[in-house]
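The chains carry the letters A, B, C and D, assigned in the order they are written, with residues numbered from 1 in each.
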Amino acid sequence: MGSNMAECHPVAFQWVVEAKQNGGKLIHVDPRFTRTSALADRHIPIRAGSDIAFLGGLIHYVLEHQRYFPEYVRSYTNAATIIDERFLDTEDLDGFFSGWNPKERRYDNSSWQYAGGVIHAAAGQRTAPGALERATVVGGSPPQEDPTLQHPRCVFQLLTRHFERYTPEMVEKVTGVSRAAFLELAQTICDNSGRERTTAFVYAVGWTQHTAGAQFIRTAAILQLLLGNMGRTGGGILALRGHANIQGATDIATLFDVLPGYIPVPKVDDPTDLGEFCSLNGGAAGGYWGNLQNYLVSLLKAYWGDAATADNQYGFEYLHRLTGDHSTYQSTLGMVDKTVRGFFVLGENPAVGSAHGGLHRKGLRNLEWLVVRDLYEIETASFWYDSPEIASGELRPEDIDTEVFLLPAAAHTEKSGSFTNTQRLLQWHEQAVEPPGDCRSELWFAYWLGERIRRKLAQREDPRDAAILKLNWNYPLLQPGGDPDPHHVLREICGWDGQGTSLPGLGAVRGDGSTTCGCWIYAGAFAGGTNLTSRRRPHWEQNWVALDWGWAWPMNRRILYNRASADPEGRPWSERKRYVEWDEKTCRWIGPDTPDFPLDRRPDFQPSPGATAENSLSGDRPFIMQSDGRGWLFAPSGLVDGPLPTHYEPQESPLRNALYEQERNPGRQLFRRVDNPYHPSAGEPGSEEFPFVVTTYRLTEHHTAGGMSRFLSRLSQLQPEMFCEVSPELAAERGLRPGGWATIVTLRASIEARVLVTPRVTALKFGNRTVHQVGLPYHWGSRGLVRGDSANDVFPLVLDPNVHIQEVKAATCDIRPGRRPRGGIS
Amino acid sequence: MVPAANPRSYYGLPIVKRPAWTQEVPWYFFVGGTSGALAATSMVARWSANAGLERRARRLALAGALISPALLISDLGRPSRFLNMLRVFRPTSPMSVGSWTLAGFGSALGAAETAELVGLPAAMVGTAEVAAGVLGPILSTYTAVLLGDTANPIWRGARHLLPFVFSGSSMASAGGALCVAGPVGDLRSARLMVVAGTAVEQLSFFAMERQLGALAEPYAEGRAGTLNTIQRASSLLGAALIATLGRRSRLGAAVGGALTLVGSAALRQCIYRAGFQSAEDPTYLVRSQS
Amino acid sequence: MAIRRSLRMWPALRQLTENDLLGLGTAATSEKTRSLQARTETADRVVPSICPYCAVGCGQLVYVRDQRVIQIEGDPASPLSRGRLCPKGSATKELVTSPLRQTTVRYRRPHGTAWEEISLDQAMDMIADRLIKTRADTFEEVDQQGRPLRRTMAIASLGGATIDNEENYLWRKLMVGLGVVQVENQARI
Amino acid sequence: MTISSPRQASVPLPMWQGGGTRMGFFTDTSICIGCKACEVACKEWNDVPDLDPSWSGNSYDNTLRLGASSWRHVAFVERPRPDTGVGVQWLMSSDVCKHCTRAACMEVCPTGAIFRTEFGTVVVQEDVCNGCGYCVSACPFGVIERRADDGRAFKCTLCYDRLKVGEQPACAKACPTQSIQFGPLDELRERAGARLEVVKNESGHEMAQLYGADETDGVGGFGAFFLLLDAPEVYGMPPAPSYQRRDVATMWAAASVAAGVLLGGVAGAIVWGRR
């Protein structure tokens, strides 16, 4: 669901095809019939943006027919935990949870907590309200539980009640999936889950690019926990990520709100005391996050080296602080409003690659200076003379005062370094040739820019410059004036101890300043002083888990939480699904993979009172990053828009919310401003102007916004023009000629595309209402060998409140025959 | 979407490729064919001691034998590599067989002519002429095998009749050429060649269309259709003129001969053109195979 | 001598001598064909690499001759990809060797109507100056309530998903040192 | 004149020297995901020129045909599901030169440019071809073509240069799902037979068929054969390709008779004309 694996990850899809040939079943739930659907046993067309209703329906089915995995649910999830009596569900408040603050449009989640204590999330909104005053949950057993799962306020009962109305009939009404098709699917999934079998969910941006994206994934997580499909072979929820190192960039953290290893960046109201900051952010809780202080201090040591001492809290005082959401879309608005003056773009193309391209280009025009580093001259570098606004005559280059630097970048063949792939596997690529001309690696750019700045700042005595001047910036160079040694940088990331010996693993990361570690989850990738990410032992020389190829974080574990592949006593759930198990002889966890659990912790281990971090977890708690060691069916903290997933309509939708009075995700991030207009939704006046659903996607032949494919003749000729996919019914209704032109109209922009009329796009029936969907690949722009309008131009800025990702998988539009007026696109 | 046409096709796209050849090829079919028939004429004429006819036929044939390779070479994608035609001898390839034939044919005629000019013994001239005379008819008809031995529906479908079309046409055009070139006195045999040749040509062409059935459509459509009308009209008219006026009037014979030549040339053009039309519409191929 | 040799090499004769009467096999081969060889055989070295497109992380082998990339194909040893590549992965050679690649620094001055060529050194110096000035002009030491901020909100950075871990790490480290808050990448998009 | 049926090919099978194992392709279209990696890998390895970018509107097929500059071509067929009638079926298939057992292009090639390699494959020698164009009309599959700007004929070489060093062809190596399989032909045929059973019975594709796997078919079987989910013509391939030369004898016979007629006619005319 939410993924077009065959088209976007074809080589990974080989394993799906192989599984199919071994009797596996492939079901594709997607608004469009794609090349993935073509190979699937069944394709189920669904209305874009209605996935929570669909998955919620499955949860309802599993609970109603008792198809869940009882032992797994009872021992490995928080089903038995009792929730604060102040908690009120969306069933009580018609689409809201308790704690909603309408003025600030945000939740206070104190009423979502475990009864008698607060609990910290392993990710997302880390700080638990009032964590300093109230007792923090430490250790395996939360204060109150009901193993019989009967208590009205236990998670299991709350869950049952929350999804009560997600019946097959409701699913049909909301998603457009027929009752019969839905039941057949539910059946299949249940039959393929349990001790003997497992079901896996594969998703991609089809789930994330929504105003409730994080909750889409949460819903699948709940379902998979109920079915016992987590931490086991052939199970899980697999995110297929789109860029070679998008996982690494998240881990090492070119993201505003986290430091390397998902350590939260301090907020303005966080304590200025390192210790207090850590305990407030989970450092006092159970599970491995209990060691937050070790991770943070070692990172600070990596940043400021000898300048990081106990006296200055290891440089904690050097860290900047957040005052809210500072994500990329906020920056864009900052550029438009001229509060952001300078902008670096490293191998990305926001002018066509981000939602509401017009707004991004406006931002670029309002900058003082812009630095673009790329292999090719992309739209983001050429916006000032080659953009829809210039083409339309709306603007002339002379009118634009942005200063632009275009610096040619080195390709992956021209530098050594590591990528972290979608399964957290670090793989090293070796330099093959020297970069041509002025092309340089980002490593070179970062290092030498830093050198210049530090040299220039060193002359002035400004206390504000302490953080940059004291920064540990000593890196051995491959040659004078050349790149810093990437191996050395990776060593710093993976960490070393006082003697400079590389750390064997994350267990060795210390908080007393004795270790240095740039990213604690990568600790161990340089164990023994060798770069384990460069291991390339052929798969035919090792077992199927292939631990000797590259290195996966954490600790080279290939399946996370794999302790759950064994029962509470440590025995495999079944012979067929044997993976990691407790070996009484050696008193160790063994298996083909690295056990994701303290190696020598007995299944019957009970923590001593007062134990913290992982030591507070008993031997039957597989989810070691959670403070209670359990999989969360109910998320008391971490998510800002509710402890349980709830179906809301997209910001722009042709239908009303059939489940609640509350139409849309109350917490979603809105930007109500003239240059970011939203369409009226179903029922509101004017909504009939934009009667169709529009969604975006990728094609095998291109890559994201085209920066790495539109400039290549080999790929360009395979998909040479921007087109839109419409159903024969819509084509007839709107008079769209196959092979002709159509204009997609929204309040943000009108773009033109060739018309591909295809039965692969189905018109969905909702009672007497038919909803048509328009599909748009988003690969084109004004540059490259093949050019076309950019699909991202038609979408508004509206974000998921947890992760600030834009909603481009569902909006509304109108479509008309013919080309757009030449007079400009906005 | 694939249209539900019957027989089904892939977006109506051609299955076999249209010929890669250019205009020179049908012209060569005409010139080479005529020259082959003329060589045969000169051989027989020698036996029947008709020196005048022998020499005239031979000279005309020689002219054809010199033009032919020029036409073939200019049709090549890489003319500089024309010698590669004699690189191997592939009995499996009508074109290979043809190339060697043409080479032998040309040299034989050349030899005959030179032998006569430098006054070598008549026997030598005779031998060379026999060689040319025997190769000649093959030169006139092998081109039909060359077309039949393709995947092109309209050529392949008629592979056993095309040789007769070509031989008849060559006979007619040879006669026609002589009618144009020769003095009215001894044109009787040439006229007979035209009439007999045209008869064979038109009858076998008719039979060919019958045998092809629906595949013959291109002969009635587009450029091939037009060329078909032209070739039929001028061949029949030419033959008629030759049979009637040609008896008495030199002019009549010349005009009739010319018309015959036009018809014969148009016939090759027509068949060549039909090959394009037949390849461009996949339904012909699918029909021919289902 | 030469004539005799070329005569001996004449395929029409070799048809007889090489028992290939129809001339469909070896007799028809040219010198060039007989000495044909895959260009990967001529590589100076084969460099292990990883596909730069999506996050599957397919193994690649980069064939280099005379310091130029002459071929990029899948690495059969990879347990992930088993030597296979998608169309984008298969086009990687063009990605890195295309003549359309930008190889010189380009500069566009405010209100400028054309690119100007400047040296890499000059560009780096200008960028450093811009960064220092903007940061100095907009640095926020504390908020209204006097709580520490130590940052500038006037500089932003986007990108990282297409570059290495080491590069992301160093870039973020520099930005943290400078108090640049808005460092983001594709993961947000 | 009797024409022998395609089922009983009369002409002896041309032997290829070296007697090495015959290598080829088995393209299993039932697992093709239409990614076109084969098209790109082929062009990159063989330096095949690019096509002018043009959008066809025929599903996702913008290559449209095999030709001098497209040696692999992925076909896309969209239509209602033949079995249930509801929903769609999207057929994808990577077409390629068939490397026929009885290769018309090779047999008609007058220069010897096209020959049979030690692997049983059919290859054009670019240094020999003089662009006579005969192979273009001879190919029953419309594969080989003359390149306009170059004049010579080009087609898939089954990566002859790679085979020589024991490597597999670029397209087969790249193919993510191994829809394109390379190997000894007899092994591939075995595998294909087994696969067909599965596709027909388990996946319920009644129309599924092997195309060109059978030595007794019109061209004596393909060196590159296919598992198709429907009739060949649906994918733009000839339904029953036949080996033109199977009745070459009768053709030459006809030609000789015709030549005889010509000679006789001329003789008759001259003799009769004498009076």
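Quick note on the criterion: a residue touches a chain if its C-beta (ideal position, glycine included) is under 8 Å from a C-beta of that chain, and two chains touch if they have at least 3 such contacts.
Quantities reported herein were computed from a predicted structural model and do not represent experimental measurements.
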| item | value |
| --- | --- |
| Given chain C and chain D, the chains that contact each of them | A, B |
| Most central chain, Cα average position | C |
| A-C or B-D - the one linked by more C-beta pairs in contact | A-C |
| Geometric centre distance via CA averages, chain D-chain B, whole Å | 31 |
| Inter-centroid spacing, chain C versus chain A (mean Cα positions, whole Å) | 26 |
| Chain A and chain B: spacing of chain centres that average the CA atoms, whole Å | 74 |
| Averaged-CA centre spacing for the pair chain D and chain A, given as whole angstrom | 47 |
| Touching two or more other chains - residues of chain A | 10-11, 14, 700-701, 713-715, 718, 738, 758-759, 785 |
| Junction residues of chain B, two or more chains touched | 1, 87-88, 90, 92 |
| Where chain C touches two or more other chains, by residue | 11, 22-24, 27-28, 72, 84-87, 89-91, 94 |
| Residues of chain D touching chain B in the complex | 1, 3, 14, 56, 58-59, 61, 64-65, 67, 75, 77-79, 104, 107-113, 128-134, 136-142, 144-146, 150-153, 231, 233-242, 244-245, 247-248, 250-252, 254-263, 265-274 |
| Residue ranges of chain D touching chain C (in the complex, touch as defined) | 14-18, 35-37, 39-41, 44-45, 106-107, 112-116, 123, 125, 127-128, 159-162, 164-165, 167, 170, 173-176, 178 |
| Contact footprint of chain D on chain C as seen in their complex | 11, 18, 20, 22-30, 32-33, 36-41, 71-74, 83-87, 89-91, 93-94 |
| Chain D-touching residues of chain A, taken from the complex the two chains share | 6-7, 10-11, 13-14, 17, 21, 33, 35-39, 43, 699-701, 713-721, 723, 738-739, 754-756, 758-760, 785-786 |
| Chain B - residues contacting chain D, complex | 1-2, 7-11, 13-17, 19-21, 36-37, 40-41, 44-45, 48, 50, 53, 75-79, 81-82, 84-85, 87-88, 90, 92-96, 98-99, 137-138, 140-142, 144-146, 148-152, 155-156, 159-161, 163-164, 166-168, 170-171, 174-175, 186, 188-193, 196-197, 200, 275, 279, 282, 285-286, 289-290 |
